[in-house]
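Data block below; observations after.
Chains here go by letter, A, B, C, D and E, matching the order in which they are written, and residues are numbered from 1 within each.
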Amino acid sequence: MEQNGVTALGYIPLFPLIGSVLAFIIGRSKRDAAGWIATLASAMAFAVVVALVMAMPEEAEYYYRAFTWFSVGGFTLDFAFRFDHLTAVMCLVVTGIGSLIHLYSVAYMAEDEGRHRFFAYLNLFMFSMLLLVLGANLLVLFVGWEGVGLCSYLLIGFWFKNLSYAGAGRKAFVVNRIGDAGFLFGMFMLYRQFDTLDFAELAQAISVNASPELLPLYFVVALCLFVGATGKSAQIPLFVWLPDAMAGPTPVSALIHAATMVTAGVYMMARLNFLFDLAPQAQAIVAIVAVFTAMVAALTALTQNDIKKVLAYSTVSQLGFMFMAAGAGVYWVAVFHLVTHAFFKACLFLGAGSVIHGCHHEQDMRHMGGLWSKMPITAATYGISTLAIAGIYPLSGYFSKHAILAALEGGHNPALEGLLELLVPMASVTAFLTAFYMTRSFAMTFLGSYRGHAHPHESPLRMTAPLIVLAGLALVGGLWLGGTLPHYLAPVLGSPAEHGHESIIEGLMHSWIGIAGIGVGLLCYTSLSQIPATIYRVIGPLSTLSLNKFYFDELYAAVVVKPLEAIARVLFRVVDQGMIDGAVNGTAAVVDVSGEVARSTQTGQVRHYAFFMFVAALLMLFLFVFAGRV
Amino acid sequence: MNFDTFPFLSSLVFLPLVGALVLYLLPFFRPDHDEHGTLSRGFALFVSLVVFAISLLMLTHFDAADSGYQFSERADWIPYFGISYFVGLDGISVWLVLLTTFLMPLVVIASASVHKKIRGYLASMLVLETAMIGTLVALDVFLFYVFWELMLAPMYFIIGIWGGKRRIYATLKFVLYTVVGSLLMLVAIFYVVWRFYEQQGHLTFLLDELQMYTNLTRKEELWMFAAFALAFGIKVPLFPFHTWLPDAHVEAPTGGSVVLAGVLLKMGLYGYIRFAYPLFPRAADAFAPYIATLAVIGIVYGALVAWAQSDIKKLVAYSSVSHLGYCVLGFVAFNAVATSGAMYQMLNHGISTGALFLLVGVLYDRKHTRLMADYGGLAAKVPLFAFLFLVFTLSSIALPLTNGFIGEFLILTGSFKTFPVLTVIGTTGVVLGAVYMLTLYMKTMYGELDEGKNGDLTDVNGRELATFLPLLVMVFWMGIYPQPFLSRMEPTLNAYFSAVAERRAALNVYENDVAPSQDIVLEREHQQARPVRESAAQPNLNRAVEG
Amino acid sequence: MTALFFLVALVLLISAVGVVASRNAIHSALFLVGNLMSVAVMFAMLNAHFLAVVQVIVYAGAIMVLVLFVLMLLNIKLENQPALGKLVIGLAGLGGLAFLWMMVPLLQRSFAAIPQSAVDVQGSVREVGKLLYTQYVFPFEAASLLIMAAVVGAVMLAKRRYRA
Amino acid sequence: MEIVILLIKVFVVFNVIMGLASICTWVERKGSALIQDRIGANRAGAFVETDVFLLKPVAFVVRWLGILGVINTLLCDAVKAIFKEDFVPEGTSQFMHCLAPFMAVLPVFVSFAILPLAPDFEVMGYHIRPQLATIDAGVLFLLAMGSIAVYGVALAGWTGNNKFSLLGGLRASAQMISYELAMGLSIVSVIVMYGTLDLFEMVKAQSSVWGIFQSPTAWLSFIILFIVGMAETKRGPFDLPESESELVAGYFTEYSGMKFLVFWLGEFAEIALFSAIIVLLFFGGWNIPFVQLPEGAWWAALIGHLVLMTKIMFFCILQIVIRWTLPRFRYDQLMNLGWKILLPIAMVNLMIVAALKVF
Amino acid sequence: MVPVTYYLTLSALMFTLGIVGVVIRRNAIVVFMCIELMLNAVNLSFVALSRLVGNLDGQIAVFFVMVVAAAEAAVGLAIIISLFRSAKSVETSDANQLNG
């Protein structure tokens, strides 16, 4: 790798940074300009990425060292970027979809008076995400990692007047921080073992000493990094913040909670694939957790009435799928699903955004319905994306989801042998559920008669254009990428097992799960509308369970938050005030009391003093007389 | 005016003192004593800026590669006792001096809120600055102790006169607590000097000589280190000795809090680095795990208790207990990465906590209350203040690209090597840190604005902004490009590690062939209670070993 | 000679006990006079004639007269408060006994060994006078100064301050 | 054998004291009457008859003696004192009340012990020195006894249990104490003059020329000593304590009977004592001017004794005469005389004598 | 010749009585007298020892002790009188204002 490499790499994150600063400063006076500056900045970043991808020779990768961040006692760390195929894909997704969302949000946030702040944060987010993706070592990745967490905090809590939104922001940041702590442990162990955090050096060092006694270390490191990933990509233990994150404006959800930030975990596992390969048990755990997350999220999504909450849980579920692939050891499939998911989920979120925009900030699906006629473009794009996510043949969703299920069955990972009989059916059931709740949301919003009291209208072109582009990508993406992606990522993630090209009929055959899901969904929510009501009565407690998101929040509150608060209060009251301060003030009191005792000997009676003197003289005499001899 | 002979350090140490005196004599020059203190404030600012300029000039002349003492000036003070005025600067103390001179002008600007007896306030501040710089540059143990105690006096007045309601209790507790510790240290110093005198025949208080030639047995070393550790442990609020800090901070005026948090707390750890470890290396090793445990307890305990606070200043005070817990953990881990991380974190803490106290000061000047409940939803009313508060909160919870992250990351990475388990517990402090700081930020800044109470709140004015801008710049500069700072610490630290290691070896050598006999001698003497202790024979024995 | 010694010693001790034990201050004063007289006799027996006379003049003649003056002037009533509790007397007695128990053997041990010197020293007025004005002249002058101070002091203290 | 001699000496001395004292009382009464142109005590007739045959000769002797009147008055006084009621004021301790007169009289009697009554003489092989006790300190003993006398007076005053006797007692002791100073100094000047403390040697030293002429200021010492003598006996112009109009009889108002007699005799004994001292110190004791008696002869000793006695009687009479002629001093004059006149003169006199002695 | 130890024992006894007197008695004047008693005891032993040793220094010491005793008596009694004037009684236990 040439030393200082391509300075262009430096420009990619630079543009959004400058954009963010300019948006904030100029935006203070001219609110509208902020939107365009931000969009321009992300577009330029996208342009640079595309140029680099075009110019990059097949096997090469670019490396750019900005400056030595710090070198302390033999541990030097550069602020450096790497641009290989994996990064290229991620950058394309981030900057591409980012620019579309910027364009969309210019219109969406048109009348919000704090929008200059919004666009500054959005660009800052782009900057951090690019840092995360481009980072040449774990530390720069971690910088991006926390930067992204910060921006999500700022954006979720954007409408800070509402204390619950601010609380959601704080919750997101704290949960992410817990994940980051895990990530830090992983980094410490790596540093302690290999004295470096640079990916290239790590890969080289790990490949050299893959000796057996280091395996447990790799297992622990892999697990810690996965904990970090769960925090960021909302897997089982730490996913609670994602649904609450819907408190932020919809474009935020689209960009951060669909396309980019949540996928960071997957990217990290892909980037460190050489490490995870050496820890099969860790991968097995990843897979198991992923499947369960997918299942739980899907079940919860069934009963959600808020359109954004449904999409949030579907994201968690889809992430579960991605981690299934990663857990199975087939990383390019995970990335493939990541990309396709970015397309249709962003489109879904933006669609939901335009619906909410149309219905004047109405988010509850029960007050919508029958928007097909009023918002045709939104409905169409939303429909295409629903089909894609359900995994119907020609669309991208099918290819990536099918590849995941195949990978899972393929079983590259030895540790997964026993569990396959359990995981694969669960995965397919989840796929069915995904199709079902997506059609439910589609039906409740667009089909039937309008139940709300506002009068919805189609969103302007600037909002619908990105929808159309994304829907197009969802349509064609699967086909195009299915073929090219495995070879493109081969140098980084290893070459995939070849698999035959399917015909259309085989495609349709394989997507029977999706078709069945949509069918049942349509059936329930259009004609036989009373079926869902009866089902709910029958499985009564189950439905309330899923409605309240399996009480995870309450669980965490009871197990972690409340006790900690109690401990804190006790520590302060009892330990700090009581014991330590008590001891300090206690010694003062002791001195006071002893003073009082000493004072009592001064009786004022001359006789007493005479007697004391006499006794003292006696003692002296005694000492004098007997000291000599004793 | 060639700069290599210019007495940088002495001018740094004594200029503020002169300033304080002139301030004191001001009314005699200008009988029409200015009633609201603009003259004295201006003069004090001028003095502190000059001192800052000199320190910057000195920095430019500071040779980064040289690990020894630079700009050292030496003169006999009390030759009879071998006490000399020996000041010098090296990688360890250069940045702390800079931090002091950097913070002082800000404190003087921030003193606008003080109205009664402003002259006395500024004079105490300048004297305090003299004491602080003196402590940092003193290389003669006695001189160090003098400045160490001198630091207390002005602080006593600042908290005692210009403080809040319970100021008398707070300042008395603060002074007594510290004095008790430092008296023990004084005893230890005298014992070491005495042992040196016994072995070398002449009296000296020079740190280098004491460090090189005082041979102590392991038992003595433990006791001496314990005394030093206690004195410095109280100053750095190590876990059990921290109860004076919240009281002192809550009752201190804004400027007092900034200086107290910004610099005074660092003196404790600086003491460990400069005196405790080099003098008693083996005891330091023995104590290291215990101090580390206390530090980690401090981190978690500080964070948790901070979370349970309702008074902002107390919250920030406990947060500094937690942050300094990191510094101590970093230093005690005693490897290049962790120790430089610890020293870097000391600077960060000075800046971020200093800024936080200034912010609280801004609020206190307007609303005269420090309770979180009295504020809420201020972000809408005072956006600039909200932005500044956000940046410094992020710096305080060590977000990457802010100064806090570099320090914390280095500390945790470095100390993971020596104390893996403790570091893991320590890292939870990072999470808890985020919890209480963001809770503070949310409760004060977000939510509905109560027009009645805080409706008339005015945003940060020009003067206050002048105090925040330099801090803001430092936060980002030290966060993004820490290399100039670290590179200056590097050589001194390496030399420091090797010196301590070499001293440890020498003591071990001394231990196993001379010391045992000496211990027996000591035991025998105690039994027979013979008044005269024959110590003539020893010195030549040691010299034989040394030579 | 020893018979005389024991007689005078007896008188001396009885009068000493009298001083301590008598309830009326005047009685104890008179007992003290008797005691002083017996001490004077002791001096005479020890050939310290000058001292005997001076003892009588100074102690019996001057000091006790002063004491009697004070007693009579202030017409001290009998000690109306009850005598001190048994505990205090017991304790003091015990202390005295302890003192004796230690002192007497000590004296025995330390002085019995020293032989009686051959010179039969005569404490006549001439010898004492000669020694006083040659060897001890400085202390003599100091003593006179002391007495002067005492007199001035006594006058100052006892002078009745008339309200101006 | 010494014991016998001692006893004889004691007997002789006692008789001398009692004799002098009683004669003085008589002289006092007769002298004062003579001075005041009235008949003295002559009533104490000795007209005693008795029909008891055996006692007739005794009665005759008494009547014959009575003529002399002297013995008679003395006897009658003694008898009167003995039979008077012995009254003890209530409120004071009985023991103290009796102790006081003896404490007053004791020193006077004891002082006579050191007075040499005659030159020494040989008889039946024994060298007898008619001085009861030859104390090395000699004259100082006189001073000592002078200060003891104060007790008696003070105690008498106090046990009288009334304000007048208390004040009288205090005034008397104050007077005695202040004059003691002058006496001390004058005696010291005499000691300096003779160079010895023992009275016997002093009288010997005057064999050639009387003391008064030996040094120019000797007469000054004599005068001071004489005045002090008068003051010490609280008689004469100095009898402030007991006969002040408002003090009734001073400190011995409460005394009657035997205790009063003791006081009275003590007083006269004191007069005799001081006249003796003056004679011994200044008027050559038993030396007759220009006549040199042989040493050691017993008859010479007797003559010397008689000479001494006549000199003493002369001074006693002088004192008594002075008492009944000079008016009484006021208290402040008394103190003034004592402290501001006598004392300085005595000091100056001492200095002159010492100076003379040295050069 | 009475051996010197008799005198010393006697003076020790007297001294003890003096001390006990000082400690026991409540009346200031009696305390003062007991002190005189103690001084006399010391004088006695001085003289006895001066005879034992054979030179007059002991007796000179006694002389000076007497001088001091006289001075002390004068001042002591003056104090007692002023004490009486203020505290209306000579009991030491009444003069305990200097306490606490």
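Keep this in mind: a contact is a pair of C-beta atoms (placed from the backbone, for glycine too) under 8 Å apart; a residue touches a chain by one contact, two chains touch by 3 or more.
Just so we're clear, the structure is a prediction, and the values are computed from it rather than from any experiment.
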Other chains in touch with both subunit A and subunit D: C
Path length in the contact graph (subunit D to subunit E, fewest steps): 2
Neighbouring chains common to subunit B and subunit D, by label: none
Maximum inter-chain contact count - chain pair: C-E
Farthest-lying chain, centroid of Cα atoms versus that of subunit C: A
Centre-most chain, if every chain is reduced to its averaged C-alpha atoms: B
Chain whose Cα centroid lies at the greatest distance from that of subunit B: D
Between subunit E and subunit A, distance of the C-alpha-averaged centres to the nearest whole Å: 99
Chain centre separation in whole Å, for subunit C relative to subunit B (CA means): 72
Approximate Å spacing (C-alpha centroids) for the pair subunit B, subunit E: 66
Between subunit E and subunit C, distance of the C-alpha-averaged centres to the nearest whole Å: 6
Multi-chain contact sites of subunit A, meaning residues that touch two or more partners: 607, 611, 614
Two or more partner chains touched - positions in subunit B: none
Touching two or more other chains - residues of subunit C: 50, 54, 62, 69, 73, 88, 92, 95, 99, 103
In contact (per the touch rule at the top): chain pairs: A-B, A-C, A-E, C-D, C-E
Subunit C to subunit D touching residues, read off their complex: 24, 26-27, 30, 33, 49-50, 52-54, 56-57, 60-62, 64-65, 68-69, 72-73, 122, 124-125
Residues of subunit B that touch subunit A when the two form their complex: 173, 177, 240, 242-244, 246, 301, 304-305, 307-309, 335-337, 340-341, 377, 379-380, 394, 399-401, 405-406, 409-410, 412-413, 416-417, 420, 423-424, 427-428, 430-431, 434-435, 438-439, 442, 445-449, 481-483, 486-487, 490, 493-494
In the complex with subunit E, residue positions of subunit A that touch it: 599, 602-607, 610-611, 614
Subunit E residues touching subunit C - in the complex, by the definition given at the top: 1-10, 12-21, 23-27, 29-30, 32-34, 36-37, 40, 43-44, 47-57, 59-60, 62-64, 66-75, 77-82, 84-85, 90-91, 93
Subunit D residues touching subunit C - in the complex, by the definition given at the top: 93, 96, 99, 135-137, 140-141, 143-144, 146-148, 150-151, 154-155, 157-158, 166, 169-170, 173, 177, 180, 197
